[in-house]
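Here you go, one structure.
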Amino acid sequence: MSFSVAVSGASGYAGGEVLRLLASHPDVTIGAITAHSNAGSLLGELQPHLHSLAGRELSDTTVENLAGHDVVFLALPHGASAEIAAQLPEDTLVIDAGADHRLEDPLAWEKFYGSAHAGTWPYGLPELPGHRERLRNARRIAVPGCYPTSSLLALAPGFAAGLLEHDDVVIVSASGTSGAGKSAKVNLLGSEVMGGMNPYGVGGGHRHTPEIEQGLSAAAGGQVTVSFTPTLAPMSRGILTTATAKARPGASATALAHELREAWAAAYADEPFVHLLPEGRWPHTKAVLGSNHAVMQLAFDAHSGRVIVSCAIDNLAKGTAGGAIQSMNIALGLEETAGLTHQGVAP
Amino acid sequence: MSFSVAVSGASGYAGGEVLRLLASHPDVTIGAITAHSNAGSLLGELQPHLHSLAGRELSDTTVENLAGHDVVFLALPHGASAEIAAQLPEDTLVIDAGADHRLEDPLAWEKFYGSAHAGTWPYGLPELPGHRERLRNARRIAVPGCYPTSSLLALAPGFAAGLLEHDDVVIVSASGTSGAGKSAKVNLLGSEVMGGMNPYGVGGGHRHTPEIEQGLSAAAGGQVTVSFTPTLAPMSRGILTTATAKARPGASATALAHELREAWAAAYADEPFVHLLPEGRWPHTKAVLGSNHAVMQLAFDAHSGRVIVSCAIDNLAKGTAGGAIQSMNIALGLEETAGLTHQGVAP
Amino acid sequence: MSFSVAVSGASGYAGGEVLRLLASHPDVTIGAITAHSNAGSLLGELQPHLHSLAGRELSDTTVENLAGHDVVFLALPHGASAEIAAQLPEDTLVIDAGADHRLEDPLAWEKFYGSAHAGTWPYGLPELPGHRERLRNARRIAVPGCYPTSSLLALAPGFAAGLLEHDDVVIVSASGTSGAGKSAKVNLLGSEVMGGMNPYGVGGGHRHTPEIEQGLSAAAGGQVTVSFTPTLAPMSRGILTTATAKARPGASATALAHELREAWAAAYADEPFVHLLPEGRWPHTKAVLGSNHAVMQLAFDAHSGRVIVSCAIDNLAKGTAGGAIQSMNIALGLEETAGLTHQGVAP
Amino acid sequence: MSFSVAVSGASGYAGGEVLRLLASHPDVTIGAITAHSNAGSLLGELQPHLHSLAGRELSDTTVENLAGHDVVFLALPHGASAEIAAQLPEDTLVIDAGADHRLEDPLAWEKFYGSAHAGTWPYGLPELPGHRERLRNARRIAVPGCYPTSSLLALAPGFAAGLLEHDDVVIVSASGTSGAGKSAKVNLLGSEVMGGMNPYGVGGGHRHTPEIEQGLSAAAGGQVTVSFTPTLAPMSRGILTTATAKARPGASATALAHELREAWAAAYADEPFVHLLPEGRWPHTKAVLGSNHAVMQLAFDAHSGRVIVSCAIDNLAKGTAGGAIQSMNIALGLEETAGLTHQGVAP
């Protein structure tokens, strides 16, 4: 049996990545491929790397064109996805790669996005405690942001195990430029970004803060406070997150270091996509490029009392499209790794 | 049925790419993975992007370890592969990613490599006229060099159609740094290569000249002379080849332009991996990154009388490991695209 | 004595580079700094690397604002510069970094630019035979294009010495993305250009062909025909030009190689900015980054009968702003190297 | 009057940058240029960007060759510099770009470097409170590490003003690869670093922790504890440091934000090289590339109670060679900005 899938926002980076991964998914058939201003174009003009779909024409992003599929991926600006999603049948699996349905707290939404809250959907990060179950048979899924994906994977095990202080998490992430989207802006020109780094979207960064706090607080069973700073790195893809939190006082530094390692190891022991690296090896975003994997390492710094976790993902894969398809697989009852068995592409 | 495959040189870039592609090949089982100085290490330490093989231990590159498989990939320095190949059973399919068995002319080999010629094997570029047939049931295959792959794909159709002058081909190629291998050299450090370009391996470039001339001459049915200059570009992967040749005088520039386009279009009409782009679109190496595809565009410049062909491949995929596996598929009677259905990874 | 200088187009890459170099020029005072849509902004917002000028406000690009200076730099889209230049006093030194006044042949201009020809100014490449003299006391100077600068420096000595065939020059250049300007276009986004190469502006490339042919023909004393292909490389700055021409038959390959080397060595022996590297060393664009230097190497390939010259410049420095200031120095009777003594910035 | 200067370690990145900057310094004459394994080579072979010094031959790094100059720069591995420095005359100004003489606490040195402490020299970061005075007439200067330079500039004003808590500083820095030196290592190959990020030298990072704590503690007048994580970014040069500390409780968030901004503004108001950007502008490493400038911005995040400071420097310039020359200028009684008036090179 093959599920029919429609993909909106197909001319952008998130939509393109959804299509790239779906193109080799064994259990789906790609139906409507839609765009806004690029409707009418051939996909080969806009996404020349998608050879098997090069001749497909993009239709308009309308409810009419998206309806009638088993699954609809929304890779649209926030606001737009909520509007369309509300009109799609309830038994269609709608997967929103945008922000509209991620936050549980309407006030947080309104504060950071300045519009009415569209409601909260099951959150597509199955590796968080209790989340995989909520995705089974779901018909609405909110895809986590790419920064929150790496941040939550980095720190959730420690909070779930009660090993971290709640009140002083510091996260600094470096993202490839595709995270800033495909719109033509001078500050994103190759000439501007190659060879340099800068903090970016401090506003946009703040928007991810409530999402990160929401996920960590759920894992911790209490309010967690986060200072989050995103930076832009001269690479197309990839997120390297450095996440630190204070460890709760333990019997001894050695015992604490051991306990911490055990917590992360146990949390991800059975996960197909999230890997705590063997001691001595540190993550590199190139090791996950193009794949749905996340790799991480942690260290306990007894001097500062902080746990430092370094986590690498591909922002477009595990951070967006890969995570979305993983959640789709769970919701549809497919093998969780279906269509996601790619290795990383390196060097 | 599954064929057992051994891969030597697994710690390098070519060997790593063979493994990356084989890991998702439906018809093979990966047996011995071997290396030289890295024998005894886990693959995860050396190729951290190959998640599904991370726990595999590398054995020594010896005849004993490689024998007993249906297929053996040799990704070794030239000289080393010939020596090992000579000791492997005749009914083993041996695929040499190195240079030892590419050249037909022993004198050319001796001139450019300074050692005795090891013999000539069927040349693994099935898109060249007559080559696919020679690969069927072959048990020894020489994988083309990455520069020759892009150069031959770029110009062979014109020579085969009798449309190009034989005596003044000029080719300038830009390659990503992975083409220079994984050995620690100061001139290949990131600090040295990022943000700049330079000609490189003019000596190494010359070594590819006889291979390019051999292929074009065979297509032309007469000796073709080539001036070839390779350059090193600040990217990990990809080759962009600009190949030009004088067009033979035609009825008119317009007629000639049409005739030229038809020749290329016809040559690649049925090829699964080689694509003449629609007019107006030019190739980009990012559109083939990680995939076995080659994309190209041609233009006839009536002013200079030259045909200019721009061809993009991934040097490690179609230029090495992908082409090797495509040839393996043909030799084993498998679907030619088996294990090679990846889209490009972009952006 | 200090000359007052006005700079238009100050928000772009060429204008910014003119300002960067003028800021440390011992004999000039920077007067009006003008822009079009960015008039009213502070320079520090648009060119944050120009620390000593950060507080300067940009005025409108009008004749009024530019007049009254000893020197006016025009870094404007073609068409715009001709219009403004025509209104500036005859005794003002006007230096046009745009294309309007480069070509001598009005028909060539009209064919490639589709507008009326604005006239021809002394061409600011003093290293070409006879050009330095024409620049002395000039009050109008056309700055060469960046591709022509590298192409003409690469091949002019051979044509001037009568050692090269006129009818089959092939040039392939790789340029950093700043050559494509600072306008927001999707194909120039960092995500699109990092990690890949593509041919670009084949139309724009053609526009440089008549300029290259004009310069080489003047050196050769007869019409030279050029096939020129530009490509875009993943770096902010730099041009690496590979230029080849057929050598005229000589007594022997060895004698010819010697004669060729002597021609280039003699041509640049006394040049402060153009360097034929010692044999065995090849140019790297990183060795000239930020500086007004050009470095090159040549080889005679007896096999193909072609001379191959590899030439590296910084497209914004020697290729635009540096060359412009060098010409200004000559025109004003200053030391030719004044303000241009920067080393390259590497790594 | 011109001071004679000798530079050791001239084949490396730090030594090359010292030479680049000295080559345009108005008050010095470059004397001996020395290296270890590269002695006997021409500088042009090793540092092809240093055009004006291309013909200079490197001599051996010996006391004999370095003595007899007014100033000696040591750009050597730690250990080596202490040994040579001890043998140079007391009235020679010795500037050590290595780590040997930075730390005040012998126990810290022994713990992190595993050897006997060589003693403490005046610390060459004149922007720190009280440091400029100590450099006047100094004859021994320890050049700060590049990470500490950016970290101390980022946070010292807040500690000096008593506005920050001492016990929980978190710093995450991204550095270009030149910070890892010019030695041939596989993990620093272009193919490995382009397109990705990874934490690096967590050991090496730790080595900078005591240096950062030493400087911040001095500013704070009490022990400051730091968690520091360095990462490697795909660029040749530049450091972007994200430094955060808890603000001491203030009257109100608004008042505190104002007070914080005033502290930084006052600290750097008269500094020629350190710039607190106008509100709304964030630093970019490209804005300081090749220059001795440091640019920074700060924000008070009332939500987390943390001050976040983003600081960009060029690791080789302000972070090493530029800072060294600035200190030299102070020690010799020259204009502090002499030879350091370069703008940044962008884009």
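All chains are identified by letter, namely A, B, C and D, in their written order; residue positions are counted from 1 within each chain.
What we mean here is this: a contact is a pair of C-beta atoms (placed from the backbone, for glycine too) under 8 Å apart; a residue touches a chain by one contact, two chains touch by 3 or more.
Being a predicted model, the structure only gives us computed values, none of them experimental.
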- Message: On the document's contact criterion, could you list the chains that touch chain C and likewise touch chain D?
- Response: A, B
- When the contact pairs of A-C are compared by residue number, which of C-D, B-D or A-B has over half in common? B-D
- Query: For chain A and chain D, what's the span in angstrom between their mean Cα positions?
  - Reply: 37
- Message: Quick check: how many Å separate the C-alpha centres of chain B and chain D?
- Response: 45
- Can you tell me which residues of chain C touch two or more of the remaining chains? 13, 178, 182, 189, 191-192, 194-195, 234-237, 284, 286-287, 289, 347
- Touching chain C in the complex: which residues of chain D? 13, 16, 20, 23-24, 44-45, 47-52, 178, 182, 194-195, 236-237, 275, 278, 281, 284, 286-291, 293, 295, 341-347
- Given the complex, residues on chain D that touch chain A span 168, 170, 172, 174, 189, 191-192, 194-200, 202, 209, 225-227, 229, 231, 233-238, 240, 242, 244, 246, 282-287, 289, 297, 299, 301, 303-304, 306, 308, 310, 312, 347
- Message: Please output the residues of chain D touching chain B within their complex, sorted ascending.
- Response: 13, 176-178, 180, 182-186, 188-195, 234-236
